[in-house]
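For reference, chains read A, B and C in written order, and residue numbers begin at 1 within each chain.
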Amino acid sequence: MGCVQSFRELCDRQKNTNVRVSLPAVCIVWQTAMIILFGIFVRYNEESDPHWIEYRKAKNISSDLENDFYYRYPSFQDVHVMIFVGFGFLMTFLKRYSFGAVGFNFLIASFGLQWALLMQGWFHSLDSDGKIKIGIENMINADFCVAGCLIAYGAVLGKVSAVQLLVLTLFGITLFAVEEYIILDIIHARDAGGSMVIHTFGAYYGLSISWMLYRPNLNLSDRLQGSVYHSDVFAMIGTLFLWMFWPSFNSAITDHGDGQHRAALNTYLALASTVLTTVALSSLFQKHGKLDMVHIQNATLAGGVAVGTAAEFMLMPYGSLIVGFCCGTISTLGYVYLTPFMEKHLKIQDTCGIHNLHAMPGVIGGIVGAITAASATESVYGIEGLRNTFDFEGDFKDMLPTRQGGLQAAGLCVAICFGVGGGILVGCILRLPIWGDPADDNCFDDEPYWELPDEEEAVPPILQYNNHMRNKDIVESNFSVEQT
Amino acid sequence: MGCVQSFRELCDRQKNTNVRVSLPAVCIVWQTAMIILFGIFVRYNEESDPHWIEYRKAKNISSDLENDFYYRYPSFQDVHVMIFVGFGFLMTFLKRYSFGAVGFNFLIASFGLQWALLMQGWFHSLDSDGKIKIGIENMINADFCVAGCLIAYGAVLGKVSAVQLLVLTLFGITLFAVEEYIILDIIHARDAGGSMVIHTFGAYYGLSISWMLYRPNLNLSDRLQGSVYHSDVFAMIGTLFLWMFWPSFNSAITDHGDGQHRAALNTYLALASTVLTTVALSSLFQKHGKLDMVHIQNATLAGGVAVGTAAEFMLMPYGSLIVGFCCGTISTLGYVYLTPFMEKHLKIQDTCGIHNLHAMPGVIGGIVGAITAASATESVYGIEGLRNTFDFEGDFKDMLPTRQGGLQAAGLCVAICFGVGGGILVGCILRLPIWGDPADDNCFDDEPYWELPDEEEAVPPILQYNNHMRNKDIVESNFSVEQT
Amino acid sequence: MGCVQSFRELCDRQKNTNVRVSLPAVCIVWQTAMIILFGIFVRYNEESDPHWIEYRKAKNISSDLENDFYYRYPSFQDVHVMIFVGFGFLMTFLKRYSFGAVGFNFLIASFGLQWALLMQGWFHSLDSDGKIKIGIENMINADFCVAGCLIAYGAVLGKVSAVQLLVLTLFGITLFAVEEYIILDIIHARDAGGSMVIHTFGAYYGLSISWMLYRPNLNLSDRLQGSVYHSDVFAMIGTLFLWMFWPSFNSAITDHGDGQHRAALNTYLALASTVLTTVALSSLFQKHGKLDMVHIQNATLAGGVAVGTAAEFMLMPYGSLIVGFCCGTISTLGYVYLTPFMEKHLKIQDTCGIHNLHAMPGVIGGIVGAITAASATESVYGIEGLRNTFDFEGDFKDMLPTRQGGLQAAGLCVAICFGVGGGILVGCILRLPIWGDPADDNCFDDEPYWELPDEEEAVPPILQYNNHMRNKDIVESNFSVEQT
C-alpha cells in the first residue's frame, strides 16, 4: 500500500510543462531509430520496384493498370485526408486548443505511420529474405493503424503533452499490430473498415488511459473546455472530411471489384441515415429543439464506424440504413447521458466523447459483422463470391459462415481486451511526472506548448493608440475615483 | 378573395421557432420510410454484388478494373466533396449563420440523397424483377440530384427552418427526378454536367420559393446580413473546393474514355477564364478598384455551370474559354445590378445570389449546349464518335445533330418550367405557419436553431478585467467625473 | 549614375493603390489574348478527342481504361487542390491578408495555367500540323508551372498589387517553360517532382524579385506582419493539403506502374520524417520548448520538396527518411537564423520564408537526384527498369548513369541561373511606379485592395447593450460617483 501511495505522490508532484529537452530528444532519437530500422528491414515490393516491368511480363499481366497502385491510390489519398485533416480538425472545437489539436495530431500521425509500417510489416509483409516489402496497401494499413491512436488522443485531448502523446502512439501502434495479427490472421476474422481492430481497440485504449490519468480538479480548466463560434466551424471541416471519405476508408483494402464497390455503397448509405437520426435526437434533447454542434460534429459519423466490419458483406442497402439509424441514436444519447455519467461516476474524462463515437459504434459494428457473416449463404453470395468475400482459402477453405460469425465475435473480444489492458498499462507509464503534462488549471490550453500570436486586432495605428490609452485612463481614473 | 386574405393572415401569424417536435418527427418518420422503401426496392447491381466474379467471367471481362467503380469512384468522391464541403462552406459567409449553412446543408443533402436513389431508381434503374439495382453511377446521380436542392437553399438561406428545408428537399428531389426523366429520356437531350437539369431547375425552383416567401420587413435583420472577415475566409473554402472539383462534376457520368477526358478539360479551361473576368468586373464596379469578396466567392464558379451541358461535346478549348469569359462578366454584373433590382422590384430576396451563379449561367449553358449539338458534324466527331457522344442509338439512331440541337433547347424550357412551377407550388406549402421559420427581425441568425457557444474570449482573468473596462460611455463619464 | 538615380526616384514616388483601370484592363486584355491564341493553337489530343474510339481500335488498345485520363486524373485533382487550396491557405497566416493570400493566389493561378498550356505546348506538345494537342498530362504540367509562380508570390506576399502579381506570373511562366525545356529536353535531366524545375527556380525567382523590391521602411507595417490565432488555423488547412497530396504531386507525371507507385511511397516517407525533425528543432530553439506555428506550417513540407527529383529513382525507403530528416532540420534552422539574416544583411524580405521551404530543399533535392542517378546500377533497376526510369531511349540510349548524374547537376545550375536572372529582370520592371503597390506603412493589409466587411460583432442590440455594461464594478462605482 505504501508503495502505491508513494507512486501516487510521485505522480502528483508540481507540473512542469517545459518540454524543451524531452520533446526534441524523443523526436530525434525515434526518427533516427526509424531510419536505422528502415535501412535494415524495409524495401520496395514488386509493384513499386523497377523490376515491375519484368515481373509483369513474367506473370503475363496485360497492363500497368493492374499494378495495385491504380486500384487503391485514390482511396489511400482519401484515407490520408481523414487522418490528417479529418481527425486533426475534428478536434479543433476547443476555443484555445486548435494548435494542439491539429499540430499534435500531425506529429503523432507522422511518427505513427513509420512505426506502423515496421510493426505491421513484421507481422504481415515479411518476405523470405527477411525484408519487409512495402507498397500502396502498406501505406493504407499504416494510416489505419495510426487512426487507432488518434482516436485514443480524442479522450485525452488537452490534458497531455506532446511527449506523452508520442509514448501513447509508440505503445498504441505496437499493441495494434499484435491485436490485428491475432484478430485477422490467427482468429481469421474479417474487418475491412476496422470497426473492431481500429475503432473498438482505439477507443478503449484511449478511455483506459484517460481513466488512469483521471484529474479530480479538472474543473479548474472549465473556462477553456468549450468552443467559440469559429472553432466550431473549423471542427465541421474535420467532421465533413471524415464523413465524406469514410466510404473510401471502409473500402480501401477490401477485395478488388465488387468488394470495394459494395463497401463504399454501404458506408455511403449508413452515414446518410446517421445524420437524420442525430439531428432528430439532438433537437429532441435540447430546450426549444435547438441543435447541439457537439452532436452534429461527432454522432453523425457513428454510422461509418458501425458498418466498418460488415461493409464488404451482403449487409444490403436497407441493412446499412438500419445500422446508421441505430448508431446515430445511440451515439447522440451517449453524448447527452453517458459522457457526464462516465465523468462523474466512472472517473473517465473523455474530452471528445470517443466512447460515443468510436467505442459503442465499434462494438455494434463487430456484432453486426458477426451476425452478417453467420447468416451468409451460398445462394446470396454465390460459391466464388462467398470464398472471396470471407477469404475461405488455404487453411480455412472448409469454414462455414456460422463458424465465421463466431470468429468475428471472438475478434471483437480480443479488441476490447487489448484496448482496456493496453490502456491501463500505458496509462500507468504516462502518470510518471516526467512527461511535461499541464497542471489541472492549465488544461485545454495551447499556451504551455505553443508560441501564441499576440491577440491584438489589426486596427490602424491611431485607433490602436486610443485603445491603449483607453484602458490606461480608465484604470487610472477608476483608481483615482476609488481613492477619492 | 376572402379565402386568399385569410390564407395570408394564417401565414403571417406570430412566428415560433421551436422545432422540438416537428424536426425530430420529420427526421425519424422519413428515415424510417427510407428504410422500408429501401427494404422493398433497393438491391446491389451486378457490379457491386458478390456474383460480379461470375458475371465477369460470363461476359468475358478481363479484369476487375472494368468494374465501373474504377472509372467513376474518384470523380464521385470529388462530387461528394462539392456537395458537402463546397456548397456547405460557400454559404458560411454570413457573420452568424455558419452553423446553419454547413449544418442544414449536411442534413438536407443526407436526406436528399436517399430519396434521390429511390426516385431516380424508379425512373432509370428499375430491373425486370421490380427492384432498383444501385451502384456507383447511382451514387453520383443522387449527389447531383441533391445539388439542385442545395442551390435552391442558397436563395432562402437564413430565412427558413430546417423543417422547411426538408420539405423543400422532398419536393425538390421528386420534381427533379421527373424533370430529369422527361429531359434526358423522353426528349433525349444530353446534359452531362446538368446546366439545365441541375442548375437551371434548382435556381428557378429556389427563386420561386423565395418569391413566395417574400418578407417585406427583412431589413429588420440587416445587421446580420453581411459577413465578417473570417466568415469570408471560410466561404472561400467552399468556393475553392467547388471550383477545383467542377471538372469532376461535369465529367463524372460522361462516356468512358474521351468523354470524361474532354469534359474535364473543357471545364478546367472555362473556370480559369471566368476567374479573370470576374476579377476585372469586380474591380471595375467598385470605388477605388477594390475587389468584392461576394463576386470572388460566387461569380468565379459561373463558368463551370455554363459548360455543364456542352463539356462532353466538341466545344473546343477556345470555346470553353469564351463561355467562361462571358459568364464571369454576366454573373458579376448580376451581383452588381440584378440582385438589388430583383429584391426591390420583383420581390425576390436571393440571399446567395443564385440567380447570378446558377440561373443565368445555367440557361447560357443550355443554349451553348444546343448550339454545339446543332453544329456537330461527322468530320469533327467521326461516325462512331458522333454516335457515342450524342447517344444516337436505339430509337434515336437516325437522329440528326441539328434536330438534337432543337431537343436540347426543348430540354432547357422544361427545366425552367419545372423550376418555376414547382417552386411556386412548394412555396405555397412553405408559407403555412407550422414550419417554425424565424421572424423578420431574426433572420440570418443561428440563435433560434442552434445552441451557441458563449462568446467570451479565452483570455487570462487579468486581461479580461481590462477588457471589461473598455466602454466609451464609461470613459466619458469618467472624464466628467474627473472634471467635477 | 544620374540615370540610375532618376530611375530610383521615379520608382519611389508617392504610392497609389487604385487599380481600377489597370487591373481590369490587364485581366480583360490578357484573357482575350488567351482566347485568340487558344483559337489558333490549341486542340484536343487523341485521348480527349471523339476519334479516340477509332484510335483505340487502330492501336489495338483493349480498354477505355488505357486512356491516360485514368492513370493521371486522381493525381491531377490532388495537385489542383495543392495549387488552389494548399498554396492559397498556406499564405493566409497574416492577420489581415487572408483575402489577398487566397484571392490573388486564385487569380494568378487561373491566369498562369492558361499561359502555361500555351508556353509548354509550344515546347512540348506541338503537333506536325502546328497545333498544340492537350490532354490530362498538359493540365498537370500547367498546374506545376503555376506552382513556380505561387512560390515566388510567397516571397513578396503583402507587398505587391494584383497587377504586379499578374506581371510576375506572365514572365514567370515564360521563363519556366524555357528553363524546363532546357533542363528536361536539351540537358535531359529527370525531374518528376520538380525540385529543380519548380521549387529551385520559383524560389530564386521570388527572392530576386523581393530583393529588387526591397523596402527599407517595411517596419512601418510591423503591426500587421504577424498572425492571429484563427489565421494560423486557416494556414494549417493549406499546410495539411500540401503535405497530404505531395505524394500525388511527385508521382503525377512519372512513368505508369512502378514509377508512380515508388514516387508516391518515397514522398510519403520523406514527409513523415520531416515532421518529427521540424518539431524537434522548433521546440529546441524556443524558450520553454514551445513550438512555433511558422515552423509547423512550413518546414514540415521541406521533405516533399527535397525528394521531388529522386522520388521516382531507387532512393530506397530509408533514403527518403534521411532526406526528410535533413530537410526538416535545415528548413527550421533557416526560419530561426537565416530569414532574419537575409532581411538584415542581404536586403531580401521573404514574407513566407520560401528560401527555407523551397530554395534550400529544392537545391538539396537536385543534389540528391544527381547522386541517386549517378549511383544507379543495372542490378538494382534491371535493364528495362533503368531504361524506363531514366528514359535512356532515342538519342540517349547509350547514356551511363554516372553521366546522367552530371546532367542532373547541370540542370540544377540552370534552374538557379534562370531564377536569379529572371527575378532581377522582372524585379526591375515591377519597380516602375505604375503598378499600384502599397506604401511601406500599408503592407500586409487587405484594405487597399479589398472591400472589407464591417467588423461589428453580430450580437442582438439588447445583448450588446448588456455587454457594454458588463463590468459591474465600474458601473457601480460610476453610479456611486455620479451620485456623490
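A few points about this structure:
Definition applied: contacts are C-beta pairs under 8 Å (C-beta built on N, C-alpha and C of every residue); 3 or more make two chains touch, one makes a residue touch a chain.
Everything numeric in this text was worked out from a predicted model, so none of it was measured.
With contact taken as defined at the outset, subunit A and subunit C are each touched by B. The pairing of subunit B with subunit C is characterised as different-residue: of all residue numbers used at this interface, under half are used by both copies.
Once the centre of each chain is set as its mean CA position, subunit B and subunit C turn out to be 32 Å apart. With touch defined as above, residues shared between interfaces to two or more other chains in subunit A number as follows: 62-63, 65, 70, 74, 96, 230, 237, 455, 474, 478, 481. Across the complex, subunit B meets subunit A through its residues 17-21, 23-25, 27-28, 30-32, 34-36, 38-39, 42-44, 47-54, 56, 62-65, 67-70, 73-74, 77, 80-81, 84-85, 88-89, 92, 96, 98-99, 102-103, 106-107, 110-111, 113-114, 134-136, 139, 162, 230, 234, 237, 448-459, 466, 469-470, 474-475, 478-479, 481-482. Residues of subunit A that touch subunit B in their complex: 62-63, 65-66, 70-71, 74-75, 78, 95-96, 223-224, 226-233, 236-237, 240-241, 243-245, 247-248, 256-258, 260-262, 264-265, 268-269, 271-273, 275-277, 279-281, 283-284, 286-293, 296, 300, 314, 316-318, 321-322, 325, 380-382, 384-386, 388-389, 445, 455, 467, 470-471, 473-475, 477-478, 480-481.
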